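Here come two complexes built around chain A, the first alongside chain B, the second alongside chain C.
Coming up: the complex of A and B.
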């Protein structure tokens, strides 16, 4: 009887040990599962870029009495990882909009906006007194663009990854770069000596 | 006395069963040589593709999973299932990362080592050598290229370059140490004939991983996107591996001039990547291994150049012009060089295994007489299998060639001893039109990849 009980207990322990579980976590918590580009890197970059830009004196001056219109070009991925750079620029864009200092036009939806305008203008389905007019959009004054590059070094026991994110704000009319920010991140992973 | 005998018989049974248990899912190659398994996907019977894919998917979950997944990724690409191939190769690359991040000394690793010491090297989980990893990145780059994902292609080409660079950095000290370790246990001069055979198979290949084909593919891609500096570096690396190739010198000169601002107008590039034949499989040879009880003949993997097919160029014509592809990597030689590098470690394991097997047989003979000796002899005979695992879906030779042609629609005629083909391709100014040619069931299979042009 005791043997049966012990086996049952063993099986129960084994089964509970193997069961997968789901938990909610803090999205701002430091993520260090692998040295690859992750959520913490994205958040660090976005925070640094927005903070730098907002306190840069010419930008402070520029936004004192008006909200300039920007558009995000793209951030080139020059790393050896498949990084979604649009996600980084989306976060930066959201924070800049929420600061109340800037406005953005979104170039990724131009085709769909055009379709909607054509529908409102030409389909005969929309009351023309409420229809949005063609040619009334506001032109962007500045362009945000940048690069994400990396240098990876590895030997038998260590992997070192260095990321550099560069973002620039360009005045479309004059071609002058009004501001440029940079964030460096270094991550190192050491292999443990013992493991399963 | 009876009780003691019972305990011993249990021990013997355990010794015979333990290795099988330790080997776990690696049973696939333990007693059935890998090359005979691979026949079904290297030379597939018509209409069997779906069942082969299913088989490889199942095998991909085992301990040698990464090997079967490499085969599956390449098979899916050749079947035209680029999205499936991309998913499989992404799993393979994750596996590489995971293996590289594992602890240096692992409990499960020790169990496999014990299994390998008792049965054969096939009990060790398959670890993809550098040359196979570099091919994986190159094929994955072609998957992204085919999908029109330029950034993804660039990422994979950077990974391929990174893998080559890192392999080069750690190679020298690792090799010196492996030879030193083996020399402290064995007299390596006894195996001179074996090593000479492998050296002959490795031919002119300088290292077991450097792949000029991958460098050339990257160089073409960077050049098409106006990244002349990166292109120049990769053309030069390909030239380092083939220093007498005048056509590579011409590439270096052209890109050097482009860096100086001289760029031709009104023409584009048509390049052909040609994968010829199938990489040779490892063969089994008998090597005499010294044990305290005399010489033991054991099974050992090797390569024999006598059975290898020769490289054949592919000729391609565009209008009045024609060019040939040239061999950029002899994959069989890379595999042979890789085996040559692994051989000292394998020899040490074989010496330990031969001694262990002799002791097991002697113990069985002493304790159980003829029946025990027969059983252990049978076990030793069946378990004596050389480690013949390697990625066999790879081609024997990878070749490439390029030609500058006027902009517009162009018809390209391809001819090789393996068959002929004709494709119509778009050519854009300073763009790159890549034709990927493979051989399947004795005929040429071509696919035209999206044109690369303009800044990245």
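Coming up: the complex of A and C.
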């Protein structure tokens, strides 16, 4: 009986050694908690899209002597999960801006910019020699938009998820798609014998 | 009952121990200084199985574009992560927090090319880091 008590005490000590705690981790590390869309997928997609776009010869030609102005439309989430696709396009946008090859206009803040312009022009509070003028914004030449879709298959022990992210660069004036990139991700979760 | 507990408790202890073990963080560093290839390794298992066969580089629209040919010398599948670090002329790392670990699965005794584009035109040198 004493042996059993000692073993159980040992197990209890081990178990308490694994009690929950909060730690900072590497945000760029691989995350495989569940097969659902996660941070690693977002980072892989953004990196692949930017790398592909940067070395595509017609895009290289476009950005050789100037920095075209783009706007991000949206990425349609066609998966069955909730995915913040704006977060993906934000990361792509940041990387493209930081490359020094592209400039962006932000359509999500148009109303607030208009309010600020009206305040500067009409409120009488702002020195008109420093006020920003109406009608001087630069029109976007290209639009970035895309889709995120998934195929999910499962049986009793396995769940297989396939994601496909597609991004397109469209010339607004001509309607021509100048570039299109794809990234595929496959994730499989298998349950082990004891469900651990 | 006592006999059952005696059998189950050690098994449970082993399971708990394995569940809480830390992952192996072995590293192999490949630095390309334009002249020759330098290999740094902490002599880990991964580094002994993985080797860099060739590194190519070119400038695309002022951006450094790299390709490295990795070889899995092991006869089994190798599942690991790699990361490219970019440096400017003065040795400053570019966008250190924004380069993700990328997943790569290589079949036994196979080669794979990894490619990446520098985050901005100031990159002149890169390093490949791998871990399990």
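The rule we apply is simple: the second predicted complex is superposed on the first by the 174 of 196 C-alpha atoms of A that agree within 3 Å, B and C clash if a C-alpha of one lies under 4 Å from a C-alpha of the other, contacts with A are read in each partner's own complex, and residues count from 1 in each chain.
Just so we're on the same page, a contact is a pair of C-beta atoms (placed from the backbone, for glycine too) under 8 Å apart; a residue touches a chain by one contact, two chains touch by 3 or more.
A quick note: this is a predicted structure, and the numbers were derived from the prediction, not measured.
**Student:** Which partner does A:109 reach: the first (chain B), the second (chain C), both, or neither?
**Tutor:** neither
**Student:** Could you say whether A:157 touches chain B, chain C, both of them, or neither, answering first, second, both or neither?
**Tutor:** In the superposition, A:157 contacts chain B only.
**Student:** After superposition on the shared chain, which partner residues are touched by A:82: those of chain B (first), chain C (second), both, or neither?
**Tutor:** Once the two structures are laid over each other on A, A:82 reaches chain B alone.
**Student:** One more residue to check, A:29. First (chain B), second (chain C), both or neither?
**Tutor:** second
**Student:** May I ask you to name which of chain B and chain C touches more residues of chain A?
**Tutor:** Chain A has more residues touched by C than by the other partner.
**Student:** So in the superposed three-chain picture, is A:55 touching just chain B, just chain C, both, or none of them (first/second/both/neither)?
**Tutor:** second
**Student:** Quick check on the output: what are the common chain A residues between the chain B footprint and the chain C footprint?
**Tutor:** In chain A, positions 196 sit in both the chain B and chain C interfaces.
**Student:** In their complex, what parts of chain A are in touch with chain C?
**Tutor:** Against chain C, chain A makes touches at 1, 3-4, 7-8, 10-11, 14-15, 17-18, 26-30, 40, 43-44, 47, 50-51, 54-55, 60, 63-64, 94-95, 98-101, 196.
**Student:** Once bound in the complex, which stretches of chain A touch chain B?
**Tutor:** 34, 76-82, 152, 154-157, 159, 189, 191-196
**Student:** For chain B, which residues count as touching chain A in their complex?
**Tutor:** 97, 100-108, 151-152, 154-155, 158-159, 162, 166, 169-170, 174, 456
**Student:** Taking the complex as given, what residues does chain C use to touch chain A?
**Tutor:** Residues 2, 5-6, 9-10, 12-13, 15-17, 19-20, 60-61, 63, 65, 81, 83, 95, 97-103, 115-117, 119-121 of chain C touch chain A in their complex.
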